[in-house]
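Which chain is which? They are A, B, C, D and E, in the order written, and residues in each are numbered from 1.
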Amino acid sequence: MSENRGRGSGGNSGSAPYDFGGAWQPSEIELARRVARKKRNQKNALIAALSSALVLGTLIVVIVTSPGWVTLRNTFFKWAYGVEVLPKILLGFATNATLTVIAGTSVALIGLLVALIRTSRTPALTPFRFLATIYVDVFRGVPLLLVILLVGFGIPALQIKGLTNSVLILGTLAVIITYSAYVAEVIRSGILTVHPSQRAAARSLGLSHSQTLRYVVLPQAFKRVTPPLLNDLVALVKDTGLISILGVTDAVRAAQIQTSKSFNYTPYVMAALIFLAVTIPLTRATDRMLRKSLERQNAQGQA
Amino acid sequence: MSENRGRGSGGNSGSAPYDFGGAWQPSEIELARRVARKKRNQKNALIAALSSALVLGTLIVVIVTSPGWVTLRNTFFKWAYGVEVLPKILLGFATNATLTVIAGTSVALIGLLVALIRTSRTPALTPFRFLATIYVDVFRGVPLLLVILLVGFGIPALQIKGLTNSVLILGTLAVIITYSAYVAEVIRSGILTVHPSQRAAARSLGLSHSQTLRYVVLPQAFKRVTPPLLNDLVALVKDTGLISILGVTDAVRAAQIQTSKSFNYTPYVMAALIFLAVTIPLTRATDRMLRKSLERQNAQGQA
Amino acid sequence: SSSDESGTASGDTTTCTPDALQTLEAGVLTIATGEPAYYPWVIDDAPEKGEGFEAAVAYAIATELGYDQAAVKWVRTTFDAAIAPGPKTFDFNLQQYSITDERKEVVDFSSPYYKSNQAIVSFKGSKLDGVTTLQGITDSGAKLGAAVATTSLDVIESTLGLKASVFNDNAAGVTALKNKQIDGLVVDLPTAFYLSAVEVPNGIIVGQIEGSDAADQGFGLLLAKESPLTSCVTKAVDAIRDNGTLASITSKWLADSAGAPVLK
Amino acid sequence: MSAPVLRIEKLRKSFGAEIVLEDITFTVPEHTATVFIGASGSGKSTLLRCINLLEQIDDGVIKLDGQDISAADVNPDEVRKKLGMVFQSFNLFPHMTVLENIILAPTKVQGVSQDEAVDQAFKLLERFGLRDKADQYPDRLSGGQQQRVAIIRSLARSPRLLLLDEITSALDPVLVNEVLSTVRELKSEGMTMVLATHEMGFAKQVANEVCYLHQGRILEWGAPEEILEAPKRAETREFIKRVHDAGRL
Amino acid sequence: MSAPVLRIEKLRKSFGAEIVLEDITFTVPEHTATVFIGASGSGKSTLLRCINLLEQIDDGVIKLDGQDISAADVNPDEVRKKLGMVFQSFNLFPHMTVLENIILAPTKVQGVSQDEAVDQAFKLLERFGLRDKADQYPDRLSGGQQQRVAIIRSLARSPRLLLLDEITSALDPVLVNEVLSTVRELKSEGMTMVLATHEMGFAKQVANEVCYLHQGRILEWGAPEEILEAPKRAETREFIKRVHDAGRL
């Protein structure tokens, strides 16, 4: 059966066997193929370009020539007015930003603590585990708006002496309570996804339970939960605005005040742009991280 | 080197080799060990019980005997009043529920469509890919509240004839637009996490691109994205309440109206309980699913 | 037959009948108010009972236009939703809308049915207790609140030059005031009387702010921009003003809203 | 002597600047098996993927039954109907039962009726002793069973040529056996095959020809006895020695 | 003749109703290697995990240097300081460099100073030819290198006994070699070891004694030549034959 095979230039034992970088010239057939492929690619590019021109063009033309276009532009995109109100909206956004920073830091700490309590096995911590579980369940399930109303208006109603009634502080507190529950759950799931063999390896080396947690489990868990945590950060930035219901003026409220005076919706668009300036880079970073970890995972599976 | 080893009853070739179910009696040493272990377990159980009693007891005593306890109970947990306002809040929650169902269905369809467009490679779809990307970026980044205000108040301002001015419809539309962006991203990432070898296997069998998508990629993607989609559903249930800013009376708004009349916060607590009744089972299901897929993953890693 | 007459400037009452009026629902007059609607404007948040100043005015106008009680349908809107441009879900809306030129660009108003100053509601022992001048209010460092999109908000920002806590509606503002999270809430005078007397524990009216907004032309019924009903509704308001109905309604429901000190 | 099933001439493939395959020329006559051996990264998988048109080649010609399948205007879906391919892992679709996995391509691609496809699937499962697994999901099967189902699945389409890429390297050594005997049986029935493997058992037992791939080139080729027992090139000798040292004969 | 390092008597272990190990009795004298072979699921990994106190046994005694480490009041962390264990996979901590992996236990568990630990780590890396990988992260290493680092990491704590659980079965066959030679070297230096493996190369080259584990029992044991070439029990013969057929000698 071993006859009837030819191997062209064969093992080409004449040339140096590993000389790959040499002056390789595509063969005739390859050149012909390239021409064919190029034609096809050009055709596809043409289709893409035509289709883009057609669709986007039609869209633009339809929008711009539609009877409502001038109204639309004047109502939503009156840039001169937008620039005029920008300082006020930015001032409002300072509230969102400050809140995000303060709440974000507290949430990280509290979330970690709650996650550690929930994943601990120490008998003495049993009641705290129980409380932590209830806490997470409740605050993951109740709308933030409701928590803000309950904490922001409800706690001062108790008229407890010495307790603040500042809506800003209480509103922030409500946000922290709610987001800590979200983040605790994210971190906990991160801790649980660290492969059991990693714990076994650490314990086999003689590391204690808490050393294993500190040196092996947590660092890996954090790496894993960075994307969902970034997602939560984006959500936090956006949700800080909800405390406007307590009378705090954030970016959305500032825009609303302006709009209610002028009946022009450009301030909302400005507010949206400000949020996008912060959130798009964050979501992009999250997506990139997720894609990378995905690629690593796929590479492992194929190895 | 082979001397010096003993093997007790050795290969016990006398008995049937696979007779494991036999009348095994724990040895003396094992019995002693069990007693010791039991003692330790009892000690741990005792610690857990004591600690629970101490912590929870202290907590309850501190709360109940604190000067504010009666106020707290009357302000937040006046059950008689809660039951009285329950019908109104439930009526409000009907809005949340209806909205969730209507928006949920539309979001699923639109989200899937956008995800398919974004993951497609057809040249003719290039402009739609472009538009879909921008759409997802923008609506993932802007607070839902702002979208609701823009759509709910802004669109009627255009005074386009034939277009609805119902705040309920417009508010729902705003929710659909925003959540479709979230869901599109979730589904897209689900599609991307299907292992490339699965596509290769399908293509190797001669399945076309769209057949591969339909029979191999999407079914697996859906299984994977069920937990995050359920998370989004929980978020949707909670976020439907935001359209109350347009004047729609949902559960939160209904509670707010009652509370603003009575200056008693029990309606908020009732609203929270109603939300929890829906969201806790959902999050529990999500968590269970996530844990299962995690276990499967870990089992694979160890095999 | 009536269509050619509807354009005439002179008030021919024959066009303003339920048959001729282009209401949202034929033969039904859809009237909107707030949720919740407050005393003394609406009693018990039940406008369909006709009790309270605005509820009574609404029914008086309905009667004037030829609708009987049963042909009136009530709906609720938020304050700021109704003054935004765009089509409306009501024939007219009354919840203390001050007529201003800015608003007139996007909605229609009837002639005014009541003119009120703005007033500051507070509680005994607050930073505002005992303050008698506008300057005093600015100097007290007090935190004032108002609902979004209201004239009251303009008063705080323009007349007083202070930064306001802005709420979605008066109800939220009242909650904050009760919680002492703000020191004063700016509302129209009749509302202020009610809030200080009934809602806010130890409530006081610090004072009213006269001519707080030069452009303030009083409360009007709000209609969609270029509503076919505007002229008829205005005629009806004028009619009940002229025949004394409005005065008697006012004295019945807003009688106690008399003198509060004027802040200079 | 029939015409060769597969003929590859001067195939070249690079990923960016890295040349992965160079000057690959060989022929696979009908009813024979060609086995590629070589170190990790030598290009075995890439070669099989090129044959299956999962990769676009840089130069050379691939002919299947005389047809140039590397031509620019060839529809890969049509070509793949004639080829069967099994990988190291992730072969089966986890959301379908064994039976569903097997009948997917016949019913969706080749338009065979559901009943007929099921019939044929059961026949194949019977033949390879997996009849009782028809309704199981892949994750309930052992790795060896999974790979056997994967082979059956590609047989269900009666391919002209079977490409097997290290189908045992993710398996427990004691499971390798059952997969090996399945391949042996296919061979004896006349299936034409190209295999890439680290398992010298495969090479010895099924190969008509063994090719040693080294850094993207076929360095040495010949009958299994020649290459495995008396390799001429130093690189091949070194490789075979390392495999032997590792305890694989 | 020194006292045995490990002595196990009548060990029994079950998971729920499933008895995984039964009547396991054996001794590991100093400087010897005992190799466990057996089919998948026969209990090899569970046995090693029991020795390492990662599982709680149901009956029997485990003695390390004469101390009963299965006693209820033993602190597993103390015992594990004397044991080294390497698994099939997931051994190295992916977020630490090779060096950090190696010095973690010495510095955190045994209180060795950072400098001293680094010194010792470099010595070990040097000895096993991995000096230049010290600052790499595990995912940049080949599987064979990873397993060698894992072995080095467990050596850094100078264990009395090394437990190696199929440390090559996740590896490419050609990488098995380097790990095997590392183990051979340890053996020649007198390290006491217990291994579980499917690799008969291990058994042949390093074992003083081979134990064939079958459904949780030691069915046959003896010198490697005996067990691998002339097994007495039919089950052992069958197992050895299957491994042979799979191409592993």
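The definition used in the following text is that contacts are C-beta pairs under 8 Å (C-beta built on N, C-alpha and C of every residue); 3 or more make two chains touch, one makes a residue touch a chain.
If you're wondering where the values come from, they're calculated on a predicted model, not measured in any experiment.
What is the set of chains touching both chain B and chain C?
A
Would you kindly give the rotation angle relating chain D to chain E, two copies of one sequence, based on a CA superposition and rounded to a multiple of 5 degrees?
So the angle, rounded to a multiple of 5, is 180 degrees.
Per the centroid of Cα atoms for each chain, what is the distance between chain B and chain D, given in Å?
Distance between chain centres, rounded to whole Å: 43 Å.
Averaging only over C-alpha atoms, locate the centres of chain D and chain E and give their separation in whole Å.
35
If I count partner chains per residue in chain A, which residues reach a count of at least 2?
Within chain A, the residues that touch at least two other chains are 75, 153, 157, 195, 197, 256, 263, 301-302.
Pull out every residue in chain E that's touching 2 or more other chains.
89-90
Which parts of chain C, given as residue numbers and ranges, touch two or more other chains?
In chain C, 80, 84-85, 106, 168, 172, 175, 178 touch at least two other chains.
Which chains touch which?
Result for touching pairs of chains: A-B, A-C, A-D, A-E, B-C, B-D, B-E, D-E.
Under the stated contact criterion, what part of chain B meets chain E in this complex?
Residues in contact with chain E: 1-2, 4-12, 17-18, 20-21, 24, 26-27, 29-30, 33, 36-37, 40, 301-302.
Touching chain B in the complex: which residues of chain D?
Going through chain D, the ones touching chain B are 49, 52, 54, 76-77, 80-81, 83-85, 87, 89-95, 104-105, 108-110, 139, 143, 150, 153-154, 157.
Taking the complex as given, what residues does chain B use to touch chain D?
Touch residues, chain B against chain D: 195, 197-198, 200-208, 211, 215-216, 219-220, 223, 296, 303.
Tell me, which parts of chain A touch chain B in their complex?
On the chain A side, the touching residues are 44-45, 47-49, 51-52, 54-56, 68, 71-72, 75-76, 123-128, 130-131, 137-138, 140-147, 149-150, 153-154, 157-160, 189, 192-193, 195-197, 234, 238-239, 241-242, 252, 255-256, 259, 263, 265, 268-269, 271-272, 275-276, 278-280, 283, 290-291, 294, 298, 301-302.
Under the touch definition given earlier, write down the residues of chain D that touch chain E in their complex.
Per the touch definition, chain D meets chain E at residues 39-40, 169, 172-177, 180, 198-202, 204, 239, 242-243, 245-249.
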